[in-house]
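In what comes next, subunit A is part of two complexes: it sits with subunit B in the first one and with subunit C in the second one.
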Partner chain A sequence: MTSTHSPRRGDPVPAQPYLEQYDRVKAELPGAALSWVRDLRELGRSRFAELGFPTAKVEAWKYTSLKSLEKVAFQPARPAAAGVHFDVLPHVGTGPRLVFVDGFFRADLSSTAGVPAGVELSGLAETLSRNPDLVGEHLGRLAVSDEQRFVALNTAFLADGAVVRIGRGVEVAEPIELVFVSLGSDDGAVAFHPRTLLIAEPQSKATVIEHHVGLGIGATFANHVAEAYVGEGAILRHYKVQREGAEAFHLSNSVAKVGKDACYDNFILTTGARLARSEVRVALGLGSSCNVNGAYMIGGHQHCDTTTVIEHKEPHGTSREVYKGAIDDHGRAVFQGKIVVHPGAQKTDGHQLNRALLLSDTAEIDAKPELEIYADDVKCSHGATAGELADEALFYLRARGIPKDEARALLIGAFLAEALDEIPDETVREAFHGFVTGWLGTR
Partner chain B sequence: MAASTETADQVRAFTEKEYEYGFTTDIESEVAPKGLNEDIIRFISAKKEEPEWLLEWRLRAFQAWKAMEEPHWPALTYGPIDYQDAHYYAAPKMKAKPKSLDEVDPELLKTYAKLGIPLKEQAILAGVEGTEGQSPAVAVDAVFDSVSVATTYKAKLEEMGIIFCAISEAVHKCPELVRKYLGSVVPYTDNFFATLNSAVFTDGSFVYIPKGVRCPMELSTYFRINQANTGQFERTLIIADEGSYVSYLEGCTAPKRDENQLHAAVVELVALDNATIKYSTVQNWYPGDENGVGGIYNFVTKRGACRGVNSKISWTQVETGSAITWKYPSCILQGDNSVGEFYSVAITNNRQQADTGTKMIHIGRNTRSTIVSKGISAGKAQQTYRGLVKILPKAEGARNHTQCDSLLIGDQCGAHTVPYIESRNRSARIEHEATTAKISEDQLFYCRQRGLAEEDAVSLIVNGFCKEVLKELPMEFAVEAQKLVGISLEGSVG
Partner chain C sequence: MIEIKNLHATVDGKEILKGIDLTIRPGEVHAIMGPNGSGKSTLSYVLAGREGYEITKGSVNYFGQDLLALEPEERAAEGLFLAFQYPVEIPGVANTTFLKSAINAMRKRRGESELDAMQFLKHIRAKTKQLGMTDEMLKRAVNVGFSGGEKKRNETLQMAVLEPKFAILDETDSGLDIDALKIVADGVNALRSPERSMLVITHYQRLLDYIVPDYVHVLAHGRIQRSGGKELALELEKNGYKEFGVDEAA
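Here is the complex of A and B:
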């Protein structure tokens, strides 16, 4: 016997309704006729049955309890009966946009006009029905059910989502936008499990922005999984703005594999959801780089968990991570960031910074920045801070006649800007600053 | 490189040889039968003529222990420990000892000489017959006689009202103090190894510093009575009453022999109003051979409670030994304005594994903590810094600064950093920084260019890397520790 960690099992009991629902709907899911799709889903089901919901003893879920989620009886979402007005859907740029309502692709709300040559955009359900070979090579290869319980759950219910493929050498100037609307239902709480597949072929370049918004009423549980393949020399910028409603549960797993000399950028801006957990996992290849950044602003009784794992698997990789957050009221933020340098991944350069601002006496931050290093010729570091707004700075502004609230907003905005400024594209950066300003206006 | 390989061989040879001695058990001795059960605990307690309450406490701990599981969360790999296949009590005189220093392995003496340890102490460390306890000294040209020094010091301490004795002695001498504080910082249900210790601890030190007294000397295990064989399940309790100060040294820099593979010590510190405790450790137990065979498993629970206002507890540790180190000296900062410090150097080489760090729990207002951890990993060793900084809602104005640096030597070792930072007070300020790198080629080249051998250059650079921590050690320890840093890394470069 060795003391290697046996994977801690979760609680299978709250998982039971999901398993039963799966058994009921599995025959109707798109692509159910294909054996490889069936096998993928079955594996997801069996892994979720084993892993279940995390208990407090599961190290990765030490700071995030899903008790509030477990209590709600979610039903699988159905295509929404209620209408969604086109105008309320966010749009940062002027490029193509795919819209999903409660996980279902809505061609009527999407605009694929002006998609450049060499770029394919489609809904996953449609692709699985009409042209499954297009995704067969990639689907479920990066986000595997193995240890990630909510990837397993997503895989079991895998039905719809976005498929984005950027052809070899194609450069897309305008961001491709994916809008996920959590609408909910009057009949009760609904759950959906969208799957996004981003494939950037070698030497291509594109920006993809995910918007997550809540427009309806009632509780929703969005369990997203995104798989991003970044081919040799490609540049993929993958951004996410999560502004779901006060009754939303938002879990997401973004998994990226970055090829030789390629670059992957991830940015997550969070202001929404009652409980949100965004996981980002990046595996870096030879000479590749990634930026995993984000900002969050929460208040009320919101819970925002950011969990990232950056794996340097080959030499000469570079990673940068900057996360900043402001926590107000009874908000609680969790940051777990891990940099792993595998044996042989020499000349790795990895830096991580995580800073939290506590704005109230009841706010809480739990941070766990982690380095796991198995190679010697590396430069790795992390920094973490927690604190409140500096009185001196506040005084300085007020002494110059700026009202207190305005001064606070100014300072909080400046604090968060350090993360936002990591976004290279000006249009996107400005739009994100706008979301921050919007949030500060609600304080 | 030839010279350094040679030294490495010597060190290796001596570590291997030393343990060839294989202590025999047929010498007249009182050894409890193998195994762990209530009878053994009663036997230990009876041997020590302990009062009833202590026996009951041990038994309660044993009951709790039986229901516990050995923790497997640390990043450590080792074979199963058979807790029934060990003696939990052995009277001190069971070893076949060398009669004088002439019979001691010359390699061992060389190492001692390198460390600059006085002859008399060398004899004690090498386990020369007659040097344990208060027995008369062997015929060596002792620079000073530590036994008589100890006696002189003891008298002086007693005059000041300081109690410094074996804990088994303290149980009889000042039972009310022991009863009040034993288990008050590390309860007998605390964790698997601390609970085991509570059930079977054999001995350790007890220190009480009365109100307003500043202990005039470093209290050290060098001068401790009844030191032999207390290593395995050592229990230390230090109480600093209001306004007092004490500095305590534990361990020594010389490699120490011990046939017990499992060590599970508990150290409890209590600092009352305005009191300061400085606790320094140099741990250099047998680390096992280069393939990780043998070596001590060191599972230690060390915790200090800053109970009073303006109290301070400072931990300084240099960890170079043991096959496995599992140790998190912690501070509970209860009193307003109390201060916790943790300075650590951990060196792992060959197949050593260390999972070490600290916990700083901020409860009172304006509590401050500083963590400086320097880890050096070489060979095939794995090392983890694991720490917790926790700010509770009432800890207004709490402050923490943490610096964790790791140095890697060789491409087969690992260095990991796992800090937990939890803040529930907005006025608290927490800063955490961690870096991992290897010895810079430029620095090495610079030293080599100036005629330093590569090994000396590494030792110099590593000492510089550790300086922040080593300077916290009491003077006489610091000098030895610097040499130890160099010796521990011999054979790790080139």
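Here is the complex of A and C:
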């Protein structure tokens, strides 16, 4: 994938502790005996050493400062000593569920009963130790250290995560759920770098839901990378609900490659973390399509950054993007959405919409939609708006006896529904509406 | 009883209401007629509690309560209902959700149990049928894509299910053809009762052929200029508002 962000150089100084930590732990990381794994990690290390943390001059990070993250002395997470109660873990459907605590796979909390034939579900660390060939041809091929500093950092510390493989022609009805718990530690701030590998083989169909929740105390830094391979004619729905705690930093890079006539759906619902940045990159093949949607609700001093790049690499691709967010208090949202139509990608149909609702005078949204078009027979558009709740609608509801807070919640919920209604599966959609209602109830 | 006394209100520093006096007893239907810009809509918004209006003088005694001290939702809970001239479109909120929220908010305040989806549908069925409203209109987002007539029928439905003590109908006839007007007027007339007061605000006499008032008041220049029985409306129809210093046909 090409990147036009420049200048890309960052500050190597705050990166230094991470490099030193890597050098200390690298020999103990799973798969350290394998040269290809070692090389992958070393490349991640050296790229992160070069790129460092983004400074304000790095265009792609213009609106999101990581100064608050840099100030915290994070240590690599260790397997949690404290218990996690099974009952508090989220579960939208009734399908299989893999649970990770501070980045470590927890077989004891996971349930893989009822995994359909043709579906493989496992922890990455275990796979690297026992059956590394299973991931060898996919790991690090989509999310490459060269391009993204936090992909590089993730790759250096690459250890555990989820591996999901849907076999050719297999259709999985129940969502496969991945629960990432940020627990933290009393002893100090912890960082972890989970890697998720989703492989939907040709003509397969599955839904994967990532839950990110904070259940502990203390600062955590979750630096996720997910690589999604969507084979020819396959349908992969990849959703994420990020409800981390008030002291959490959440960075994620999801990179998808969508094969011929295939479909990739991404949806990110964000209500959590002190600072969150979710990057989604999708490369579309011939006649393929993607939906990159999301909704966020933030307040306090939360910062939520959504950065997406959709690349139409071949003709007849379709992309739809609907992002809606409600920002209260001193919350700040960033939306950077880029659609690139490569030369020859004729008959591309790309639409992007991003709308923000500002619920206070101190709420802020920075939006940067970008279209880069190198083909001449394409349909592309983008729209961005920021506004407040409509006074007349609020009065209308109140004039019918609906209390002000309830009327506001009703209107905010309705505003966000436009994005949530893009989720085709009713069970998932209703569950996501439930998360929105939950957030509105805390206002 | 509703007693409006010497009510003055300004919008952005400009005085619109310049001393309104009006008393409405239970069961009475009062009509306020007036030309554009006379303050008709301002009066209805001030009574319903919309923000943006400053009350500079006067009072409104609403069944023994100081109406102007109440929030809009509290006024609604006390049985005040404003049928909007321009019903607001609310994308994303289904009409049923809206109606159910309104009914349950009222029931909650009165200490009654909230209605679930089934009970709610049963509760409104007869009323929607009477107003010729389809299930499809209930499923759609509030007023979104509704014709003028559908919007006013929707207002009348809300009035019917909320069963107010005091209903203000602001230009309910605007944008309606005669058939729609009849349906809406029938709906309103069905709600007339000895306990329910109504204030019908209109520019034109036509509506008053269908909703026949007990009293008619002429509002011009922010004041009630004249009051009389229903025959006053016919007189205005003939002579317009010239007599009140307004060069405009009624």
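In the analysis below, the second predicted complex is superposed on the first by the 436 of 443 C-alpha atoms of A that agree within 3 Å, B and C clash if a C-alpha of one lies under 4 Å from a C-alpha of the other, contacts with A are read in each partner's own complex, and residues count from 1 in each chain.
Throughout what follows, a contact is a pair of C-beta atoms (placed from the backbone, for glycine too) under 8 Å apart; a residue touches a chain by one contact, two chains touch by 3 or more.
Keep in mind the model is a prediction, meaning the values are calculated, not measured.
In the superposed model, A:414 lies in contact with subunit C only, and not with subunit B. When the two complexes are overlaid on their common chain A, residue A:401 makes contact with subunit C while staying clear of subunit B. By the touch criterion defined above, A:346 reaches subunit B but does not reach subunit C. After overlaying the two complexes on the shared chain, residue contacts for A:393 are found with subunit C alone; subunit B is out of touch.
Once the two complexes are overlaid on the shared chain, A:379 sits against subunit B while remaining clear of subunit C.
Looking at the shared chain after the overlay, A:59 reaches subunit B, while subunit C stays out of its contact range.
In the superposition on chain A, A:68 makes contact with neither subunit B nor subunit C. A count of residues in subunit A touched by subunit B and by subunit C gives the higher number to B. Contact with neither subunit B nor subunit C is seen for A:94 once the two complexes are overlaid on the shared chain. Overlaid on A, the two complexes show subunit B and subunit C touching no common residue of subunit A. In the complex of the two chains, the subunit B residues touching subunit A come out as 70, 72-74, 76-80, 391, 393, 406, 408-438.
For subunit A in complex with subunit B, the residues that touch the partner chain are 1-6, 59, 343-344, 346, 356, 358-388.
Within the complex, the subunit A residues that touch subunit C are 390-393, 395-404, 406-407, 410-411, 413-415, 417-418. Taken in their complex, subunit C has these residues touching subunit A: 48-51, 71-73, 75-77, 81-82, 84, 87-93, 97-98, 101-102, 105-106, 109, 141, 158, 162.
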